[in-house]
Amino acid sequence: MLPLASILIEVVGKGLPAISLSFLTKSTGNITDPSSGIGNAIEGTLILIGVTCLIAVPVGSFAGIYLAEFGDNKFGRTIRFLNDVLAEFPSIVIGILAFSVVVIAIGHFSAIAGAVALSIIMLPIVTRTTEESIKLVPSSIRDASMALGIRRWRTSLSIVLVTAKDGVITGIMLSIARISGETAPLLMTVLGSGFYFSGLDQPIDALPLRIYSDYKNSNYPSALAQGWGAALILIVLVLSLNLGVRLLTRGRSSFARARA
Amino acid sequence: MDIGLERLRNMVLDMADLSENTVSTSIDAYVQGKDLRERIYGWSEQLRMLQDEVSELAVELIARYQPVASDLRFIKSCMEVAYGFSRFGRYAHDISDVFGIFGDLSKCDKTTIEQAGDQAKNMIRVSIKAFTERNVELAGNLKKMDDVVDNTYLDFVRKSASNPLGDLKCTVSGTLILRYLERIADHATYVGESVLYIVSGERTARR
Amino acid sequence: MEKFKIQTEKLNAWFGNNHVLKDLSINIKENEATAIIGPSGCGKSTFIRCLNRMHELVPGAKSSGVVLLDNANVYARGIDPVTVRRRVGMVFQKPNPFPTMSVYDNVAAGLKLNGIRDHQKLDRAVKRSLELAFLWDEVKTQLDKSGTSLSGGQQQRLCIARALAVEPEVILMDEPCSALDPIATAKIEELIASLKDQYTVVIVTHNMQQAARVSDSTAFLYLGQLIEYGETTQLFENPTEELTERYLTGKFG
């Protein structure tokens, strides 16, 4: 509790003064310009999250469904093991991987490279939480559906997955919170920039990168203030995602109803 | 429920002994010309009350425990058998009434009636034994014994009908008593049929 | 001459190496309620799960033998188990409505998820099924309420309605009342009596009195074997087998 509180106090204290509408909307441009903002960093983070989800969510949830419903064999156990290994991979190594594959292929740093790296980080989390959520759906629900003469795959998608959706969404949101703070892979893939989004194959900025580069330029007071402001925004983002998860799982949880 | 069934059984056996006693006493009283009406009436009344108690206990057991199979058949039979024993008491009562109606009957030839009376007493004893031991063979014997009593009764009636000059008092009182003995014999066979039902679930058609 | 809706011949079933059903040959009469009774673990639930090919869904489960539905073997090569399950419906011990769906959607689930989209058809089917399940009057104004917001007895009737909506010919019930209070139980028993006209009902129950109340024929299973099968009144008043007699009078199980 204490470390969390002290961090929050520090960040809020140093970052709040920097927040303003222009701060949030203007792009960074020249770092020494005191009127520079982190609008592009916010935009960049959001775009990266979006593209990453586009890649990782379908793959991860289908993998999770497969493992939960059909994964009791050797193949399933292998996949599960590989998945767990991937989850423990140092993110910087994943960054190197994405660098050597995507950045080299395109020729320069790009947003898509970053999205690829982040999706490799996100994938195992989504797979695991999806699998767990589906496994928690009581077998009586599955039985009831099968007894009605509903096909296996239809049962898995329309009945089981829908019942488990709260858990699956929770998993996705938590993994988003995780990747929005990842810095190392981004260093090697998206580079960062002072400008707004200009294409998936172009470098893009992101909050963690902004914080890092502000740290590097911290002898400039405006950069320092900007850094704290960016940190504050990032923490707000992560906390609100977590809060959202908390709100979702309380109350009308279909999970709790299914298990009652 | 087993305790209930045991209680039911004991009540029926108590009735059995009492009814056997009651019938024997009434027959002997007739044969020996003694007036034991008070006593017989009392016992007959007791038997009736016992029959009510058996009925109530049986219904309570059914309502409470919803018995099935042999337990259910046993309870049903107890109700029927208790009714039979109470009928024994009733007929014993009727036999002693004869003394009140006809007064002194010492001049009558009571041999046939005495024989039939012995047969009836025997049948009661056999039926009780069959019930106590759930002995189907013994129960089967009752049918033949019943025929003997029936024939004795019918013979007596026919003989009396073809001999109008006999003593009216003796004829009528004798007929009445044989009639009661015949009914006692019938009920004894019914007890035997109940024993068969308890053991094998078979029901015999009533003639 | 009564028709037999379902006939099993030498039905055997295993869970792994555990031989749970042994050479069962039972004939279920059409438009009757047949009760399956026996002590815990005698294979009652396994038996009915073989009738709608649900048994094979359990990992490691096997079965052999013939199950005839209208004289056609449901285990024949080439028969799609899904079609069997549409003709033979099932209601489970614990009410299990789909938790994310409303009352309406629960009942319509079997139809919707098999491709029927016509709203009028669905509306009619839902109303009809809820009426058959004696639930219509209680929920007609709350069709969009969540299925799990109903009471236990109502939920079980909802599951029955859901099973009826796909218009099966047989309804299997696996101890449907064991999680319910006596009044809810009575409602379901009444319901079974009315369903007999149009459907064939097979009900597994460990409650002998319920079997006696509700069924026309009763089968007594013990350790996976059929001990006795006969008309209910006959079996309960005067069973033929010693084992049945002992079970009914509470000497074991």
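As written, the chain order gives the labels A, B and C, with residue 1 at the start of each chain.
Convention: contacts are C-beta pairs under 8 Å (C-beta built on N, C-alpha and C of every residue); 3 or more make two chains touch, one makes a residue touch a chain.
Note that the structure is a prediction, hence the values are computed from the model and not measured.
Taken pairwise by the contact criterion, the protein chains link up end to end in a single open path, with no chain closing the loop.
Set side by side, A-C and B-C show the greater C-beta contact count at A-C.
Centre-to-centre, using mean CA coordinates, chain A is 95 Å away from chain B. Each chain gets a centre from the mean of its Cα atoms; for chain A and chain C, those two points are 47 Å apart. Distance between chain B and chain C, defined via averaged C-alpha coordinates, is recorded as 52 Å. None of the residues of chain B touches two or more other chains.
Residues of chain B that touch chain C in their complex: 1, 66-73, 200-201. Taken in their complex, chain A has these residues touching chain C: 72, 138, 140-141, 143-151, 154, 158-159, 162-163, 165, 254-255, 257-258, 260. Interface residues of chain C facing chain A in the complex, by the touch rule stated above, are 52, 54, 57, 59, 82-86, 89-90, 92, 94, 96-100, 109-110, 113-114, 146, 148, 159, 162-163, 166.
On chain C, the positions that touch chain B within their shared complex are 208-209, 212, 236-239, 244-245, 248-250.
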